Structure formats: structure tokens, C-alpha cells
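Below you'll find the structures, each written out as C-alpha cells.
Both complexes shown next keep chain A, but they swap its partner, so chain B is in the first and chain C is in the second.
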Partner chain A sequence: MNSEGRLLELEDLRKWFEIRRGFLSSKVNYVKAVDGVTFRLDEGMAMSLVGESGSGKTTLGKTIIRLYEPNGGRIIFQDRDVTHLKANDLKWYRRMTGLVQQDPFGAFASHFTIFRSLEEPLLIHNTVKSKEERAEKVFKALEEVRLTPVEDFAYKYPHMLSGGQLQRVAIARAIILEPRLLVADEPVSMLDASVRIEILTLLRRLQERLRLGVIYITHDLATTRFFSEWALIMYAGHVMEKAFTQEILRNPLHPYTRALLTATPEPNPENRNRFKQVPPGEPPALIDPPKSCRFSPRCPHAFDKCFKEEPPEFEAASGHWVKCWLYERS
Partner chain B sequence: MSSSKSVLSVRDLKLYYRTRKGVVKALEEINFDLEKEDTLAVVGESGCGKSTLARALVRVLPRNIHTYEGKVILEGRNVMELNEEDFRREIRWRKISIVFQGAMNSFNPVYKIGYQVAEPLIIHDHLEKKEALKRARQLIELMGMPGVFADRYPFELSGGMKQRAAIAMALITNPEIVILDEPTSALDVLTQANIINLLKKIKNEFKLTYIFITHDLGLASELANRVAVIYAGKMVELSSADIFYTQPKHPYSKGLLASAPTLSTDRRPEFITGVPPSLIDPPSGCRFHPRCRFAWEKCSSEEPAMFQVGEDHLVRCWLYGDGK
Partner chain C sequence: MGWLKTGSSKPSAGLKGVLREVLSYKSAIAGIVILLFLIGLSVYTMVTIPLPEAIQAWRSSEAWSRNPRNAQPEWIELFYGRRLPRTIKVSLGETKASEVLREDGTLSVSWVIHFNYDYDDFPSEIIVFFNSSYVEKPVVEIYWIRPDGDEILLKKHSLRRPDDRLYLSNDLGLELKLERLFESKIGKKPNFTVTVEKGLFSEYSQDPRVLKGVYGMRLEATLSKNDVLNAELVVYGTVHGLAGTDHLRRPLIIGLLWGAPIAMSFGLTTALLTTSLGLIIGTISGWYGGKIDSVIQRIVEINAVLPFLPILILLTTFYRIDLFIILLSVVVLSIFSLGIKGTRILVMQIKSYPYIEAAQAYGASNMRLILFYVIPKILPPVVPGMISSVPGFVFLEAGLSYLGLGDPFLPTWGKIISDAQTNGAFYKGMYYWVLEPAFMLILTAIAFALIGMALERIVNPKLKEL
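And then the complex of A and B:
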């Protein structure tokens, strides 16, 4: 594919957090939260980042929009290297990207009206000069997220809105500067099941209509299906598998992905009569993760090599990558 | 419905809270029977009264109670008539215990896990500390944790391990009924599956009866043989799990099931428009009518009763009432 339509590329991206033991100690350890992530996202496409807590998915999301500065690798956004942008260039990148976080109740200043909260990015970036234009933008954003009639919502305070409504406002705020890339970090995990689908459907429509690139971070594989083209499975800072979402769900290759699929509960009254085959144990600490495959201590299929060497990403099928020795071509 | 075999029967349980804005009608007309080794899943959206029901059954309630009445018949005895001291001594933890939502984060950080698991034994059974600790360690091992974890402090354990300890704490006094209030909500998918496996295992071993409070219908089906759907403080459907998951009747139950995303089918998840009502001033008639696709005049003027629509299947909806 040519670079037309190419929105975001990550090359071997790393984000390590320094930790020091003791005051003034010179000994430095690292938490390797994101350790070598490579992928590409085209305009108007959505990619799910799926992983458990501590898998590095949130850190990756925040690094992509440069809330964190990477320690290694590159981020290319619209053919421009944004890995180490500074000052004004970074401010440009902030306009081009938006973030929706998990907790809608903590996302707004309680003494600001919804209008004031939505106006804030416009004031900071000074993209529109007049008050009238700003108001127009705010109302338009509220309309985009279907909080209508907009006048009813604009002058309310956050505590007067439900979680689902607040999350819509959060989305409105994230798109008000007309970004090209939206990172949605567990946008529905604090909402009720019936509202979740409503919010995800809304995000999906915005993505299609505005040709937004969307990174949807979630721990719930079941919701990736209708809301993303691509899925990327993370475990302990590594990408274990990436492919089209449908392909991953239909033909999961990595033992970890398979475990996730098995463990995801589905409404079925027969479930109560059977036990689930899921690997025991817990993800490794990222301060000193296994040097080999990071899933090997829990993997039911692990063999000698898995405990010795870290597998590269094998292309097991066209466009379907998996970081597992089982798929090494002999 | 007979209550002869049942270990727990709840009749017309009603609970109102007093707040500055008015009286919150948190629970009304709650009726159900549980037989031994049943698992009743109580499902519904947040704020519908699920957790209130859990707390009402073990009588762990805030101070601003306005009304708390009805019958809770445990092994043939109405425990609502007991005073607080007798209830504490004879019922709570002895007969019914609870794993609270977020229990894993409510351990006291300065006591070892083993002691905290053993504490109910020391308090309720007046056991020697040494003996209680020994029993706690045995139970901790039964929960699939290394026994040495009894000597650790809460911060040294992962979320899944703390949740296992919280379950041990609820089991240590050998209760008949264990209430599980969102027991896996803050856990990862794999850990959640492991905890559910554990809950199944100990249910079989200890012949337990569960009341499983959750908003996740998929998760509910992992344990439940009976399902109660609560909406805005009232039960709207009650049936066996086999019927509920295959032939739900109430429009709200159908909506909830349709909103659960699945991996095994190509069904696109749908959503119920609108939000649950305020319980201070709930809608007239059926409380679900403002969000209901099938509502007609009667639904907003008259409140439906629980209509019997099949053997062991009750629905609070006019679609099934009055000879229909």
C-alpha cells in the first residue's frame, strides 16, 4: 500500500519506566511496560488493543499520543516522525490526536459546565477566535455524540449526567479539535452492559463518518468484533498476535489468545455444568520478565525453546502475525 | 410455590432509604425461594438494587433506613424478627455470609491474611487463635493458594489471590448460603475464569447455596441455575436459568440479553435506549415503560403483578397478564 491513507506506524516501540531502589541510588531498574511494538493503522480504521491489566495496553495508548515519550523505536504519524516531538510541534500532535479515558466520572472539572469543559481545548489551542464560533463548535460536537437537544446538556454540570452521557461528552471533547486519531482507553468498562453497546456504536459511527483512526483499548475480546477492523493481543508488554479482528476470533493461533477466548464468559445456561480450561497463574512482573517467551511459564504447549529464547513474530498466515515458537516454519 | 424444601424464602421484602432529596424506594416486592444448592443469579443494571438486596439479606445496611420490612425465612424461621444481636450471633456468617463487591480491596493492610480469614471463627465460634489460624490455613490451601500465603500481608498478594482469601473468609464458618456480590468484577478475564472454577468446585464440595449478584449475564450463566432480573428496585422476571437464557419474556430481560456481546454467534449486540429511572420518583405503572418498545397505555397507568407464564417462570409485564 502507498502512504496515502496511512495514518500511524509504530516501529519497535518501547516504553520503559525507570525505578530506583532507595534514595539517590545509582542502581536503575526498568519496568518494561511496552517492549517492542510494531504495527500500522490506516485512516478510518479501528484497531483493538486487547490485554489484561498490566499488559501494557494503556501505556502503549498513552505513548502513541505522546503523553509518554518512548525510550526506543519510532512513531510515524502521517509520514512524520513524532517520536520525540517538542513544544509547538507536540502541540500540533495534540490537536491531531484525542483521548477518551475509562472513568467518565473523573474526567471533568466538577465546577465547569459541559459547555466550559468542551470549550477548554478550543481556548488552549486557540483554533477559533470568536466566542460565537467556539459556541458553534461546542454545539456541533454535542450533536455529533447525540446529546440533543444540545442546549439542554451544554449548561449542565457533570454531576447531573449519567455515566453514559458523560462518556459521550468525553468523546465530544476528544473530537472537538478534529483530530485524525482517537485513542479510547477502556471507554465502556465502567458503564452498564446495555449502555456499553450504545457508546461503542456511537464511536464506530464517528469513526466511519469522520474517517478517524481509532485505537480501542479493551480487556473484553467479545466487544472487539463489531467495533474494530484489526486486533492486537498484548501480554506482559509484548504483542502476542495481530491480524484482522475476524481472523483472530475465528482462527486464534497464540495459546494466550486461545485462553482469552475460552475464558470470556458467554450467556449459555450449560456453562454451569462445566469447568473452563484456563491456564493457572498470573502475568509476570515487568521489572524482570522472562527473557524467553513471556507467556511460557503459563503456556500449556510450551517446550524447551520457549523457556530459552524469545520468539520473533511469525507470519503464520497472510496478514496474521503471531509471536510463538509453535509457528516457526521448519 | 412451596417453601417446604427451600432453605431461604423471601417474602415482600421492602427497603427504603431516607435521603435529603426524598425517600429512595430501593427495593419493593421482592419474593423468591431458594432450595439447597441452588444458585440464584440476581442481574440488572447498576443502581437497580442488586447490591441493596445482598446487604438487606445479611442486614449490613447504612443508617439512613426509612423502611425495612418483609419476611426472610431461613430454614423455616423468619429472621427479620430477630434483634440485631441475635441476628449477628446466629445468622450473619453462621448461616449466610457474603463476599462483598471489592472485598479484595477491603483487607486491613496491617494484619496478615491468615488472621483476617480466621477472624470470624475467633469472634463467632470463640475458637482459640491458634486453632482458628490452623483452620484458616487449611481453607486457604483449599482455595488453591499456597498455605504460606496465610502469613503474608494483603499488599503482597495479587488481586486474584486476595479474592480467593475473601472467599475463604466467607466460608470459614461453614455457612449454608453465600452471597457473592460481583465477586470477580475488578479481575482479569483469565483470573475471573479461575475464580469461577473455584466457586463451582467449592459449591460442590460444601453443598453451598449461592446468591450471585452480577451485571454480566454471561458470567451469571457460569454459576446460576436460577435467574432473577431486577429493574428499578423490583423483580421483573424470575425463572430457571435454562428458561431464562433460551426464552426470556420480559422486554427488559430480552434487551439485557441482546446487549451481551458474544463470540460464538454472529449476532450484533443491541442496546436499550434511555437510562434507569430515579428511585425517589419512579415512573407510574410499570417502571420500565418509558424505555419499553412494547408499552401501551395500561403500562404507564397500572403496575403489573408477577404473572405466571410457565412452570417456574414469573414475569412482571402486562404483555403476559390478564389471560394472555
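And then the complex of A and C:
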């Protein structure tokens, strides 16, 4: 299959949303939600996609699993170009990818039992023919996410379960087709703090055991340390920095990453006497973002070049890429 | 709108749960009881009077010749407090004839028939039906025997044809004769117009009073050897059956009974078809959006300003009309109703729910999403609407029939009302003629309205407070 254990590669991936205005929709504008993202994810690795609201991280996640059709660039999955797959090929790709959403309460059709919700993917892909085998698979998936005894949960309706339990079911649904890639879109941000760590631990264990590639979308840098090998910092549709998670947390290079890290609360009593410097302003509107570096209007270290030209990605250290003119080597 | 919530709302626990909840409303129980009654009535009707038979009977005048004209229903007595006359039929065949053989080979035959009359009112009409075969037209002498013993020669009648009829009520000569008889018996002119019925059935008194007792009629005729003569005396009452009769002597009960299955099947089929087709069109419009949506929405808007009834009247005027074509035109004219806009909005709302996105992520097709994920969600508000729309269609059919645009063959409630109208039922005091079909129409409407309202309350709990 794939020589170097490569699972997913993005090449200059773009997702622009069309906005039509004027008489008979004559004027076309684009919201450049994801604008040229390149990265590689290996088999069995987890990657965090970190960014604030509106940075395009959710759009990127949905484009990766082809809920959105990309406008440009390529998605290579297991050495196969999946960028514009259609019909049966797309159905295959759907089986190879899974999605865990942010809102566990909205993730299930209220008129389906948990059993039916889990059975649906099996019915659609027809991977398991007999009814008994399907039931076996459903129960196994529920065991996998530790909702035991399974019979207690299988025949309940979604409204009878708690948020944490529902998120476990959502994970079970995402892995029931034995995918290779899982996109988890802020899977714990709507849950109580007390169950967040349980869900994350569960996801991490499953990821390691099933050798899943996971893209973990979050706005919370603190959980990335615990969860992923790789981290990718997004800002206004661009990837600002990507490196090993440990590396980014220990040695953030991009001014934006630094700002994010400063904003992360730390349980240190000293903090009450310290003033945290946060860049002023807001992220740019994605309809008409700055032509140069998208962080330049807010950047405390910006110089002339930053306002003129968009920086490429510089490899500041081995495996540590930064999209910032500060790290240009002449 | 509780049913729209994705997670926290209570899902319907299947058909059983819905039924149990429906039965917690007394009004719904009443509605169901009425509906079951109407369904039972329809089944009974369809089994006992098959449709072809009913249509044929409804359209023939001969079948009802022994029924009184414009008779009220029998139970109307309860309001008058008097026994109103039923129709009495006596046939010669039931009695022995006395025969005398004459020298010339002819037979002189005489029959006497008797019947008891103890009603509190005069009959409405008297007819003698003959049924005979002969070589030479026989002459029949008819005598009337009153309970007090008097015998009156009614008529010397020469048969005009084998199945001749003698309309005694219309006989002006007999009327004059009876008036003179009354004058001579009581010594002066009576206070009332002596019609044939009153003359034959009243006491000899100043005011008309029914003389109760056993009446008789004697027929005398001279027949040749192989001649056969039979006759039937029909004394028409003023009440008939459960529902009375109309101007063509037809028992209204047939129209009323057959009206039930026709009205209900028309109303239910139209409601079901328009609602489900509208649901599908609205869902497609909301789900796919874009050009399909625009086209559907423009059609809906154009359809909304088209005058529904005039178009229907036009259609039914120009084309051969039967119930099926009316049904089709009503369905075609109402599938692009404004209800589609509501469905469309609901679908657009549901389309944005995370569970739809999740289903797309695991590969559910558009078809599957619409059928299993979207429609079950929008069905709850649609079903009570459908049930509530049934009376509208039932009334529409009745209205068209009333306007003379309905199916010309089927006996329907609207047609009965239409007949009543053209024959001036209200002016002549024949209220039953209008009120009976109106009652059936209202009963049907109430049944569906009660059930629909209860369902609506279950689906939309906000209405419970009203």
C-alpha cells in the first residue's frame, strides 16, 4: 500500500465559500476559510489543529473528510488522490474516515435508538450482511467505548443519555466502520470538565490500539500536549506553525503561537501579579484578508516586509515549520 | 416547537404511545367513536347495497313507485305526538275471488280486500296498480267500504293497458262526488276542502277527523275465460323509513348511507395525496435548494394566486366529470399549496443539524437522509394537519355536488342538498331533506376535527394551554 506509513497528505488545500450578491447573483465573492494548507499525517499518528474561532480549523477538518469539496489543492489518502472523488469512490472514502462532532446532543437523530444510530453506517455500507453480525458489531463498538453493560444502552433513545455517554456513542459510531482516519472536531468542548479527560483518554487509547490517524481540532492548547504527536497552529485560514507538539509548547516560534500560549491559563499563584501581553485587534475578515502575512496587522514584531509579501513556510528547526518572515534565512 | 429539538425532546414511543396519548383526550375519544361509527356505516352500506345496485336504484323512478312522495322520516312522530300514516299495500292476490260463470262464457268476478287504518292523519295519496292480461279490455268497478258500513262506488274504470294505474287522488269527478256525499250526510257544506283522501278517510263531520277501523275495497269485473286480473291498492303514508323520501319517491336513506363511504374516501384520499405529495415536494425544495427550490417556490406562489374554485368549476363544466376526475383535479390544484413553504423551512432547519452532517460523514445518501432522517422529523406536525384537512375536502365535494358539478351518478350528501334546494324543501317545510345530509356532513367534519385537534395538541404542547 503506502511505503512510508503515510496516511494523509494535503497539498496547498483550499476551501473558499462562494458568496453571491447583486442582481441575479452577478457578483461573486469568496470567504477564504482554508487557504493553502499543506501537511502530512502518518499512520497511527494524532495531530492537533489549534486555532481560535473563525481560523478555519473546522472547515479544514470537514474538507479533509470531504464533507466540503475543496476548491484547490489536493488531498492524498493512502497514496490515492481523494480530492474530487465521486459516488462509489467517495463512499469508500467515507468508510475510511470517521467524524466526532462537537455537540453530542445534536449528533443523533432523536427518533433512532442508540442501536439504530450505530447500525446505520453498517446498513449503508453493507459491510456486514447478517442481522446477528450487525448486532454483534454494534455491541462490540459499545464495549470499545466502555458503555457497559451494552444492553442497557443499546435500546435507549439519545435523550436518555448524558453528554459524556453520548460522546462515547459518537466515538463508537465513528469507529464502527473501522476507519483509518478520524477527525475529532472539538470533541470535549461541550462536555463537563469532569468528563473531558475521560473522553480524551478513551480517544487516545483507541487511537493507539487501532493505529488510527487522528486529527484533533481544538482551541485549547493545553489538551494538545496530552493528546497528540503533532500540532498545527491555524490563523485566518493559514497554517502559521507546525511541529511536534512538545516542540511547539516548549519553543513557540511564531508570534501568534506565542500569544496563544501566553493566553493559556496556568495554575500558578504568581500569575495574579503578572500582566499578560496579548496582541491587540481581531482576526481579519476572510472575504478580503491581508495580501501579505495575515497576522501582520496585529503582530508586535512586524516589519516592512511583513506588510508587503506573504511569507512561505520556513523550516526554523528540523521538523519545525513557521510561516513568518522573522525566520527567513538569507 | 418541542418536536424539533434534536436531543432533549421526547421521541414518540411508537404507534402505541401515540394512541395511548390520543386516548387521554375525551374529545379525541368522541372523534374516534364517531369515525368508527361512520366507517362501520360505510362498510355496512357497501356490503348490503353494492354500488352498481345503489346507482341504478338511485337513478330509476320505477323502483320506488310504491313509496310516498316527499315523506318525512318515521321518527318525526316523536315531535308531533301523533301516529302518522305508513304506506299500506294490499294486493288482490291475497284474497279469494268469488266467480260467477255467465251464459255467454264470461266470468263475473268480485274481490274484497280489507286493511286496518288506525293512524292519526290522512294518507298522502291513493293509487290502484293493475297487473293483468286480457283479450278484451275489461271494465272494473271499484267500491269503497268504510268502517261504518257505507259503500261508495269510486269508479267504473276501463283498463287502458295491462299495467294500468288508477290515480284516485287526482280524480276530480270522485272529489266532487265525495263533496256532495259529505254535504248530504251532515246537512251542509263541510269546513274543509274535501280531497279524495279526506273524503274517503274522514268521519262525516264539519271538520276533518280520521275514521279509524277496517276499510275495504271491492272490485268487480267481467272477464273472459283466460283473462287474469290482479290489482294492488297502495294507500301512501306521510312518513317513510328512517330518512324519508324525496320528490322522486326515492328513500333518502340510500343516498345518506352511500354518501358516507363516498365522502370519507374522497376526503381521506384527497387529504392523504395532497399532504404526502406536498410533503415530498416541500422536502425536495428545502433539501436540494438552488434552482430546484426556486422553481418549486415560484410554482407555489403562482398557484397561490390562482382561483381554486373557479378553475375547478371550469374543469368540471368542460370535461365529463366523475368522482375520480374531480379528485385528480383537486389533488393537482392543491399539491403546490402554501403548506410547502412551511415544510421547506422545517427541512432547511433540520438540514443544518449536526446529526445530518454526521450521517453524511458515514456515507448516507440523499435519498436515505430524506426518507429516514428528515421526513420522520417533519411528519409529527404534518399528520394532524392532514387529518384536519379532511373535512375541507368533504365539504368541497358536497359543495361541488350542490353546484351541480359533482359526479352525476353517485348519490352523495351534496346532491341530496342540491335536490332539496331545487325542490324548495325549506319553503315547503321539508326540513328533514336538508338537515339529514347536513347532519351527516357535520358529523364527519366533527370526527376528523376532534381527532386532528387532539393530535395537534400532542404534537405541539403549547396548544394544550388554550
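Just so we're on the same page, the second predicted complex is superposed on the first by the 326 of 330 C-alpha atoms of A that agree within 3 Å, B and C clash if a C-alpha of one lies under 4 Å from a C-alpha of the other, contacts with A are read in each partner's own complex, and residues count from 1 in each chain.
FYI, contacts are C-beta pairs under 8 Å (C-beta built on N, C-alpha and C of every residue); 3 or more make two chains touch, one makes a residue touch a chain.
These figures come from a predicted structure and were not determined experimentally.
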*Clash or fit, chain B versus chain C on superposed chain A*: fit
*asked:* Rounding to a multiple of 10°, what is the angle at chain A's Cα centre between the Cα centres of chain B and chain C in the superposition?
replied: 80
*In the overlay, answer first, second, both or neither for which of chain B and chain C A:Arg196 touches.*
first
*Between chain B (first) and chain C (second), which, if any, makes contact with A:Thr262: first, second, both or neither?*
first
*Scan A:Tyr68 for contacts with chain B and chain C and give back first, second, both or neither.*
neither
*asked:* Let me test your reading of the model: by the given contact rule, A:Tyr30 touches which partner, first (chain B), second (chain C), both or neither?
replied: neither
*Name the contact category of A:Phe17: first (chain B only), second (chain C only), both, or neither.*
neither
*Based on the superposed arrangement, let me know which partner A:Phe108 touches: chain B (first), chain C (second), both, or neither?*
second
*Is A:Phe307 in contact with chain B, with chain C, with both, or with neither (first, second, both, neither)?*
neither
_Partner chain(s) touched by A:Phe244 [first = chain B, second = chain C, both, neither]_ = neither
*chain B versus chain C as contact partner of A:Lys276, first or second or both or neither*: first
*Least C-alpha distance (whole Å) that remains between chain C and chain B when both complexes are overlaid*: 14
_Doubly contacted residues of chain A, that is, touched by chain B and again by chain C_ = none
*Which of the residues in chain A come into contact with chain C in the complex?*
62, 65, 67, 90-91, 94-95, 97-99, 101-111, 120-121, 124-125, 157-159, 166, 170, 173-174, 177
_chain C residues within the chain A interface of the complex_ = 5-12, 353-355, 357-365, 368, 372-373, 376-377
*asked:* For the complex, give me every residue of chain A touching chain B.
replied: 52-53, 162, 164-165, 192-198, 201, 219-223, 225-226, 249, 259-269, 271-272, 275-276, 278-280, 282
*chain A touches which residues of chain B in the complex?*
39, 45-46, 144, 158, 160, 188-194, 196-197, 200-201, 215-225, 241-242, 244-246, 255-257, 259-264, 268-273, 275
